[in-house]
């Protein structure tokens, strides 16, 4: 049986460059939360000339890159359980305080992995129904509270199935919550008129992207190639 | 006033069948391992457990078949191939599940400790979490009504404790420990170190003595997180 | 115009002894909140052989006697603004945490001043209507949250008007919240059947008390003289 | 990132007529005196102010006629003979008053900072505080629905601050300062000392930088409570 979906794109952006593209959205002084998976890579590449406060659900503000082998502090982890370092100006607090900060609107950007994003900006990122049991973690709180949500994901799943949908088919994390989607093919903004393609990865055409997108894309008048 | 118990076994001795237990720890950091293992040995059954995840701290209790209901934000791990003890027993119908977003879980426990029986939150509107819940609109936005969570016992790990029950956690060991410690009828704390009242600076107490019923000194070394145990 | 009320009792208990009587209710390990006014005197007379954690609304647990002249810490005060000392095992927290502890039922005894107490245990202690503006402070939270409320007050006001009423006439602090009343004439328990006289101050008769009480008093089968 | 302002005057410069202002301090301890006096000089009018009492911290703003609405737990002092500036202007109809029990006040402000638009509390049931409010029963007890409180600006005093906006209070200086600092669009902190990020131990930060917009170094010495200023 052949796949009903187009071939995956031959030369998508590597994960490192997707993350580098997301990093350009971070500005000095911002509070940023990085979801599990791909977004956590950002912690290691934030430029030294800006001060970003990375927020971790488990009660840390201002953590830094992964700890070097042998220099791990046993009680300093990111929400994924990886040992991280602290930047100067960090603080610890409990989980209720941590999510108070999130719901209270103090997170400027939440960068989250995604399974599906709809043209209305609905996000599904916690459960693949055929696996049966998912993990919500802090994602629902983050999409409810963060000022801006950036979803970062491969443009399609491994079988080529589009992840940018007219409607999500997986259980939702939140409705109308995603502002920007960064994929291995493009950058897409969620507007009140649906999805707008604003940037293309090097070597990717508008057709390449639309072919692999379930929702209809509009084109930004300022459509350009992704910068890193 | 002396809340120090001689052993973890003595501290969990009156946990009864059907009790509701909050279990601290986050991906193993700040996990009350000695109390967890004492509870496994004690063997109280049909426990309702509240923990932010099911894979690490809960494993000994679930594997021992003591848990019949789980309130958690991470029942499973979408990105991990292997199946956990929880998932196996949940799919076999042996454990009931209530999935709660992590921030709502923290806030419900905080509400239990703070005498707030219910509150409105924006988290989960338009998702399966909203099913069966009242909602209301405030200032043009929809919110869900969530109820407090309380427990018969909370098991927490502190870095330092005194015999009055004052607790200080270390770094991200604070997470859920400091919240759960406020919301149980009997809060049981294991501590790496037990000091005299006054040795923890009054500015550095994270959980005031009023919340804590029992304190036990850890017999093993300091807890460590699982390196890179990414969920 | 003569007063419609009986003469004030000639030889009431001095404030120091009222407070000493209240002190006998405090047991080792208890968390106790002392309201403004008369109850604050308790902080100085708690026996050294029991550990009591005094809770202050402004975010202190475990404060001690008043600070000696010249030894005041500028940032260590009770809710009335008086400089106090700390006992070993004290802790500081913010006002939201402080009242979380109160509403959460962690205060074993709240000792509060009172303007009026009704036979149902209603308390009025924050406003004299003719003065127009009162101060609620933390009293409404304390009566809602404390496991036990002891009201301590003179048995009548200065004109001889009873303060133990069938119904309070002043604005309430809380309904059915007072458990015990300690006055300069007697100790009275609030029961489901109304007020029960359990102790008489030295030299005071049942008639002396009932005469100066608007509500009907029942007599405890164990009625005795107050001990200090 | 540098949130340090050169002066209290510069830090309050954009406070506008009709703004809602939270004012920290408790019986003078932890009072943001320099910001209060800068605000008096700035002269924004028709302010709605939120403070637990009216007699001490609020006096300069009330006496200057800048306050048109007061949300407080201590509008007056039943046990004190003298009449305060607040009582005089309130009785003259110049200031509107909303009386709130102190714990409800703290919880409403905390809710404002925590994104909780409304919550239920047992405080005030059966009293004038309940008038006009929704109530509901949970587990056999009646509770009142209370709304969050937010402000355009919060004025707080910290013991130490860094240029990111991390704050640490001293002893009972924490009280309402640490709660109000979370609930305003712009939180302005005066601090006895300003240090470099990292100099406040991450365990000792009471208000994380995320909440704080502006930091000003105090030009006068450390605040002191009024000795024996019993309310």
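By written order: A, B, C and D. Residues from 1 in each chain.
Keep this in mind: a contact is a pair of C-beta atoms (placed from the backbone, for glycine too) under 8 Å apart; a residue touches a chain by one contact, two chains touch by 3 or more.
Please read these numbers as outputs of a predicted model, since none were measured by experiment.
The minimum number of touch steps separating chain B from chain C is 1. In terms of C-beta pairs in contact, A-B outnumbers the other of A-D and A-B.
A centroid comparison over C-alpha atoms places C as the chain most distant from chain A. Chain A and chain D have CA centres that are 37 Å apart. One inter-chain figure worth recording: chain B and chain D are separated by 33 Å, centre to centre, where each centre is the mean of the chain's CA atoms. Note on chain placement: the centre of chain C and the centre of chain D lie 29 Å apart, centres being C-alpha means. The set of chain A residues that touch two or more partner chains comprises 60, 92-93, 99-100, 102-103, 144-145.
Among the residues of chain B, those touching two or more other chains are numbered 107, 110, 114-116, 121-122, 170-171, 202-203.
Of all possible chain pairs, those that touch are A-B, A-D, B-C, B-D, C-D.
By the touch criterion given at the top, residues 26-30, 52-53, 73-79, 86-87, 90-91, 97, 99-104, 106-107, 109-110, 121-129, 170-179, 206, 222-231 of chain D touch chain C in their complex.
Residues of chain D that touch chain B in their complex: 107, 111, 114-122, 136, 138-139, 141, 143, 147, 170-171, 202-204. Partner chain A is touched in their complex by these residues of chain D: 1, 110, 112-116, 162, 164, 166, 182-183, 196-198, 200, 202-203, 205, 208-211. On chain C, the positions that touch chain B within their shared complex are 28-29, 31, 51, 53, 55, 60-62, 86-93, 99-107, 144-145. Residues of chain A that touch chain B in their complex: 36-37, 40, 56-60, 72-77, 79-83, 92-96, 98-100, 102-103, 115, 122, 126-128, 131-141, 144-145, 171-175.
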